[in-house]
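Each of the next two complexes has chain A plus one other chain: chain B in the first, chain C in the second.
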Partner chain A sequence: MVKTSHQQAFAHPTLLLWLIVGWAGFFLLPWYGVEDSIFTFTWMTEGYPTDDDVAPAFFHALGGRKIWLLPLVAFLIGPLFALRRDKSDPLHAKILIICGALGFGWLIAQGFSIGIRGWNFQWMASLFGPLEDRQFGMGTGAMLTASAFLFMLTQGIAGRGAVNGDIFVVGAIGFVVTIVAAFVFYPILNMLASAFVTQEKTYSVTVFFEKFTDRRLWGLGCFEGGRCGAAWNSLILAILVGFLTTALGLAFALVVTRTGFRFKKVLRALTVLPIITPPFVIGLAIILLFGLSGNVTRFVADFLDISATRWVYGMPGVLIAQILAFTPIAFLVLIGVVEGVSPSMEEAAQTLRADKWQTFKTVTLPLMRPGLANAFLLGFIESMADFGNPLVLGGNFDVLSTEIFFAIVGAQYDQGRAAVLAIVLLGFTLAAFWAQRFWLGKKSYTTMTGKGDSGVHPLLPNSLAWPVFVVAGIWTLFTITIYVMIVYGSFVELWGVRNTLTFKHYVTAFSMKLTDGGIHWTGSAWDSFWTTLQIAAIAAPLTAAVGLVTAYLLTRQNFAGKNAFEFGTMLSFAIPGTVIGVSYILAFNVPPIEITGTGIILVVSFIFRNMPVGVRAGIASMSQLDKSLDESSLTLGANSWQTFLNVILPLLKPAILAALVYSFVRAMTAISAVIFLVSAEYNMATSYIIGRVENNDYGLAIAYCTTLIVVMLLAVALLQLLVGRTNIGRRLNQSRTNV
Partner chain B sequence: MLEPNSKAASVTFDGVTKLYGSAATGVRAVDNVSLNIEAGTLVTLLGPSGCGKTTTLRMIAGLEMPTDGIVRIGDQNVTKLPATDRDVSMVFQSYALFPHMSVLENVSYGLKFSGFNKSETAQRARAGLELVGLANYDTRLPSELSGGQQQRVAVARALVLEPQVLLFDEPLSNLDAKLRRQVREEIREIQQKLGLTVVYVTHDQEEALAVSDRIIVMNNAVIAQDGTPRDLFEAPANRFVADFIGEANILDCEISAAGEGMATVKLGGYQLDLPRRDNPDGKSLLGVRPNRIIIGKAGASNSLQGRILRSTYVGSHLELTISTDLGDLFATSDDVDAPYAPGNEVSVTFAESGPVLLNS
Partner chain C sequence: MGRLHQSLLATAAALMVSTSMAQAAKLTFYCSAQEDWCQSMARGFEEATGIDVNMTRKSSGETFAQIKAEEANPKGDVWWGGTGDPHLQAAEEGLTEPYVSNMRGELNDWAISQATSADDKTIGIYSGALGYGFNSDLLASNNLPEPKCWKDLLKPAYKGHVQMANPNSSGTAYTTLATMVQLFGEDGGFDFMKALHKNINQYTKSGSAPIKAAGRGENTIGIVFMHDAVKQAVSGFPIKVVAPCEGTGYEIGSMSIIKGARNLDEAKKFYDWALTADAQSRALDVKAYQVPSNKGAKTSPSAPDLSSIKLIDYDFKKYGSSAERKRLLKKWDDEVSTLPQ
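Our next item is the complex of A and B:
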């Protein structure tokens, strides 16, 4: 018996569900954003359903005012006619496509056309006459209705046979495309456009060129003892950081995988530490060591009897801090690659009479090329986007990310300049991306054979092992010193001035009082601490979910425009956080999506900043799962959603854990985008700390950082416990350790 | 025990084409194929690697959608129906057992989605495991089974759904030779006992000849021949089939008219009469199996003259390579005591039945 529609009325449960959601959004829930969270239900008592602030769309339109909302009713009723038709009936699909597309399109169009001051475009005002009314940012009602239209459309497209008529897959594609368009492409394009806006709010190319050719951007004064432009500074710094972190990362990866080194575990733990450290913490530690009153500076000055200088402020300091902060990232990329090189390839080379060194040079190294390119790219982009270290250590060394910040928040308040700087920054990172693609070319570097590889990696040749050991050793010592400094520094009263030990900083930040009313969080850091935890806890699962669904679509499904889809989802990876920050405040402080100053904008920025990592982790482990697993599930009668749930997800636990941990940690430590998006109500830990640093309150800042590090260690352990492991037996386990 | 399957259904392809990629540059994996597989039979798709067997099978399963043409299962047109909604199960070459589920969970997997309640599911799954002789392995993980046992779990998992059609894609290629023979006999036995419709893909002609009711030979995305094992062996439709199924000497020849439906075949100085099989007069091809070659004394009339190049004793028979004017012939001789040494002059004739004219 083939399973076809038994009961006509319930033949389309998904469609029915979305229709109800759409109606609820239109008829029941407040159409525009409300003051408090929708779940507090205070809006119920504020004149609902007729008061303008909380009225559902239907009541807006009923009052005869916002009549442009009225056409949506038609598109919400239309699908009723599709509900009773069989999926194979062409009319079913047609109705859904028309209603979904027109409804969604109309919703977007009216949202962009009518803003807080009536018509958004001059030509509309002259065409339709002035508009007395106005609109605010979309609220729950509008969002639900928009989603309903979107999924009607995707069901219609599935009904026409796209992707084998799979509703779940087409819906997922539509969803990812829509959110990426709304939260990556729209803000970026909007920002590009604002680089051309003059003070009179008209568009002009000359404005752009004026700002683009600024001396502060491209000047070469540093060759004559002056200052160089921020663009050159950023570029040179990023290239240096890219090369050095890649080289160091490779050295550690080789030590861990291909030497008899006994303290591999220690090295691994150490290289992971900086990942859970807010990047600028390293900057702070460097000040404690090498700053004007830093230990090392003092010691050297006393020893050589010269006066201490501020040499570390500027390029040297930023470079050291970034290398320390980003080497672990290169290491994590490279360890997977180094382990991934199939031992049988190396063994084959050795049986073909290559010695160890020749094998390494001719087989191992070339096969690691994609990993090296990726590591360089990551270092390059991280350095370009880094905001904290240049702010703390930069001195007169201007870089793009800090310049963008000061263009927006400083006295100059010049949106156009910020946009131009952001464009230059984006240009650099995209160029790096393009260069990487070009360098890798079309060669295949896949070495996974899918068959259990049982060989062992050869050890490094001695001539290579020793230098690698020495480098790894020095770095390890240095890192340990840095972290000891951080912990120690948090207990010192005033570094370099009063070196007595004290709990003062912790008390100021995290004191609490027990009263009969409960606990009073009296410390100054609690506010930002709880906000940070909350935002990170919300963002992490969402990021992992979006990332893994995207990875599933990319590895498991074939559809038209898949390459463009992949590019779009990975794009936000090439966009430095600072650029995201600027583009978000430019795009989302006006309707239709008005979320500046809320916690939502922080969550959204984290999702799209960190999603590419979830996607990559998902793709990496999904491509190790043979496609026949899904297919056999499908032929056994499960649909693609059930397959995703029962087969793919359980096998992806390592990837899920990686994505969760990464996005959680990044949400807690990120600063570059966050600094633009925080508000008085939603202040994040990192921006609070930066604020303390700017007030020279190092003790408190370091104490807070130490606390964060400990909290994150605990959180990572907790996540590991929550996600658990999937037992797949011994043989398979062995070959899947390097996820 | 599972009951004989009353749902077994036929499979029909009507001008089915599958194109990967665009019409201009894409691969035509299956080209305008029509076939009919009767309910309750085991039919093999046989052909060299890349000829489109797997693609054909996946179109029956609903894992690929035809670019053109119609697929029917029973009387239902399923051309546009996705795999989930078809009542077809498949045993994959890699077995595709879910590594995170026990053997019993694997076998129960499909039952869960077919509306059986818990006890029915468990009961059927156990019956399936019993049928393949793995009743005591229910709690193991797939990674704790040998290759042959994994293969049987995969078969049980597909069987318990009592599908209309059961598909196998090279199910034995990961097993060693001895196990291969055993498992293929088990599959055939279960198929006959339960009266299943089975479509079986292999590139191994011996396997195909051993298990099939009918064999569909494919080559370059089209069907080369469709028939019983005996048809294919004794009356290959063309040179490809003659060469692919068993070994054959393919010789150039010249034919002219003889009696009704017959033709006189001229091979140099050797002449014989054979069924014409729609070949026109003129140049043609003759296929001769090695065991249909008769070796006689040198100089016999109406024969080919040749010289022994190689002679190998393989126990049950001799394998001989004979050089003639028409090229080297490969022959076998049951007369293991005959003293054929390299360099010996012999004459060669063909058995009366056996040689066939081939449509080139």
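Our next item is the complex of A and C:
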């Protein structure tokens, strides 16, 4: 994206670049997916370029076999005529739009029409006659050509003057919309459609209503001593978790940024702990503390001389576990926001004789609203989609996510019911999303204007500081107890039964031998460990990038369908992993996109599942940055890509860090989506751990979890070091001299 | 970090080498038994035949969901292990391939009857009887008598001490329901479930969860397959296993070849091999206490001896069909689960 201030013929470097990419994809690279990675170049030796498995599209079409690829040539040649024309020439834009749209559309249409068994639709076979040929999943060549068409189209649209003719912004919108459509909308809608499928495989609305009005879903028996429906349970739980995690997250953010609290670093590290803990461990630790035979329950029962109960199973246990697990997310979102509130506003209030409490209540708190709303939304959604904690601690408290899982894998084999439940869950999420929008309204929460932004944040008023300290203290103590127990559990023979100390679980999992040829990884866990690390390391930066670019588009640009687009980006996050897992197999096991059994499907599922956190954190931070910052950058001659890179990105470091950390960690600890996507070659740590737990190897499972926790802590520290801290304004330097 | 980086590269390189060498005969093996048993079967088959095995372990419900989702473009070849119902369901939905192995002569009758009830699309590889286990420490501290029969569990003294899985989510619990219906007749069976409901403290989601909770001291009595209870006892938890006096039902762990398998010949080889006495004796090494279907396979002394347990004549064809299952589950939902406890 070089500056195009001198408009001459051939002055379309971006267009030329994409044309070359498109041509390379069509004429040089294997069109369909090759068995090994494209980068091993083994395809070069397997009969390239004429063998069917590795041939580029051009050779397929040349041989007269796959003639349906031929029209693409026309759309690849067409843009050559646009190259010679000036950007302001309407014909330039027109050619690009026509070639891009038709090329892209044709590529998609042929991909969906012709599959591994010839025609995919009966009516096509009867219309065009039977097809002898077939095609497999698209490969590198098809992908490059498709991107070329896509960016030709966006450049054409930009050329027509959309978004001030900004090639970067239109391209970014086109790109994000396309990948979200391909990897979020397509698989999920595909899966949800099964809510309307009857046993005879025809579509019917009555089937949906029959399953929708189920008593197990909406029953209100809990007011009469019975049980309530899963929908009500989920809703109430999610609202409670949303409120409580936001409140706790805010408390910690305030303690860390606005008090003289000495052990800020410890607290910060502690808040990160639950987020990096594989899901079922917290549940197990809570059972060992509060279960029927738990230490705390026993102690209290003996002390008060009452008989111990199973009180923790049900809503109380799930609530405790979820608050423990999701508060850090609220904290990560809120800390950026709390730091971002400009001290000048607060100083102005204090100058006008407001006391600390008034300042906090009328200035600081309202300015944090976007952060609070986003934190609540994330807590709500996480609670709705959480699967591990309700499974371990739920007792008879049924929630939607576990019901969905067992509708698919349980004794009923009822995918339709799973889809109906998922639709209910999505309905709740949509409602929360709109409630959040309504609460924020159209007010401006901008505080970082780049002008006169100096000063120091005032400390918290005492009346607030003490309660916040107490809450943070209790929580810290609780977290420490849980984690001491987990580490202890990994060193004992059989947790809770034989408490002799041993290293054997670590040896079984992570032993290695030094031989002449180097290190020999003999432990049983290494395979899944390296795979997990690799996939998480690949997925994290991609997730953060996609998330932040999306946030930038949502806060800074206006385009048609923006609200629907924003909700779409939240969709994959709001749906329980099980549904995602199954929908990914249904959608991506068959051409045109055939990626099951590869590492790619894991990376892709992580990107789209965790992207929303990047989006939320990015939106919360960016709505604090004044647009005049962008404008001054643009006025000084930078284009929007440069503005994004040099102005906005550096101010977003907390959001970047949050997105990176979260996506890395989630890729290492996710379970429910992964269960369906792992394969023999790509087995993930969590699926290995679950296998061990099912086999009663608690020690081994916990030892593995402990190792993962340590590895993730190191990774988080490393990321923090790499991304660095932001100096917003001149504040930090000043506060150092002041304090 | 240098070493970490190196080893990452090394694994990456190893992955590439292993995939490019995988041109030889191979088999994609979906396994629904416990992890180490699956590993043992995969490695054993590799040693016996030299065929590369790609093994993926998932629970039987998860594997069924996966095979169904992959129907249009199957990725797996053979599915081994896991309770029989999902295998029967897969046969009913045409997801698996009929195959008659030469090994049938060496098998127990129940393994063959599993095959005939599914038009040869599946076959029995092991079986396990339903029963229950209790935590002897908790039973003693609550001054409760040791239960011996199904009907013992209905005594008011056990209120809040019994756990079973939810038949809607677990195959084990569905087997329990179907067993009671066959043991006491449909009305009697449902009366039993209704009376039991009063004593249940929780319907768990997964089938073996009740006995695991009992092992950790979170529950007193768990209704599960007996081999799951034996496993807890052998692992060192204070669990005692009970074979109910009235007689009991059982499951048949099964094996099926996936329809459209890419390596059909290798899948058949595996099928035959998995039915041999040698392959089935491998269960002993990994502490699996199910009863093997090959008459010549070795069994563990800890395993529940099926000949000493009164087994009912379980009608797998009828109670494994989806119509009967839907009917019973709906009846349980309407008449049992709604009752106050």
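By definition in this document, the second predicted complex is superposed on the first by the 441 of 739 C-alpha atoms of A that agree within 3 Å, B and C clash if a C-alpha of one lies under 4 Å from a C-alpha of the other, contacts with A are read in each partner's own complex, and residues count from 1 in each chain.
Definition applied: a contact is a pair of C-beta atoms (placed from the backbone, for glycine too) under 8 Å apart; a residue touches a chain by one contact, two chains touch by 3 or more.
Everything numeric in this text was worked out from a predicted model, so none of it was measured.
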| item | value |
| --- | --- |
| Chain C versus chain B, contacts on chain A by residue | C |
| Which of chain B and chain C A:Leu651 touches, first, second, both or neither | first |
| Which of chain B and chain C A:Gly260 touches, first, second, both or neither | neither |
| First, second, both or neither for A:Phe406, with chain B first and chain C second | second |
| Partner chain(s) touched by A:Pro130 [first = chain B, second = chain C, both, neither] | neither |
| Partner chain(s) touched by A:Pro13 [first = chain B, second = chain C, both, neither] | neither |
| Which of chain B and chain C A:Ser640 touches, first, second, both or neither | first |
| Partner chain(s) touched by A:Gly691 [first = chain B, second = chain C, both, neither] | second |
| Contact set on chain A toward chain B in their complex | 1-4, 88, 161, 164-166, 626, 628-629, 631-640, 642, 646-647, 650-651, 726-733 |
| Residues of chain B that touch chain A when the two form their complex | 7, 61-63, 65, 73, 76, 78, 80-90, 92-94, 96, 98-100, 109-110, 113-114, 141-144, 154, 157-158, 161, 167 |
| In the complex, chain A residues that touch chain C | 35-37, 40, 42, 116, 215-216, 221, 225-226, 287-288, 291-293, 310, 313, 391, 394-396, 402, 405-406, 408-413, 415, 494, 496-498, 518-519, 521, 530-531, 533-534, 582, 585-586, 589-590, 594, 596-597, 675-676, 678-681, 683, 688, 691-692, 694-696 |
| Residues of chain C that touch chain A when the two form their complex | 7-8, 10-12, 15-16, 18-20, 28-29, 34-36, 54-59, 61-62, 64-66, 68-70, 72-73, 75, 85-86, 89, 138, 160, 166-171, 173-174, 201-203, 205-206, 208, 212, 215-219, 231-232, 235-238, 322, 325-326, 329, 333, 338, 340 |
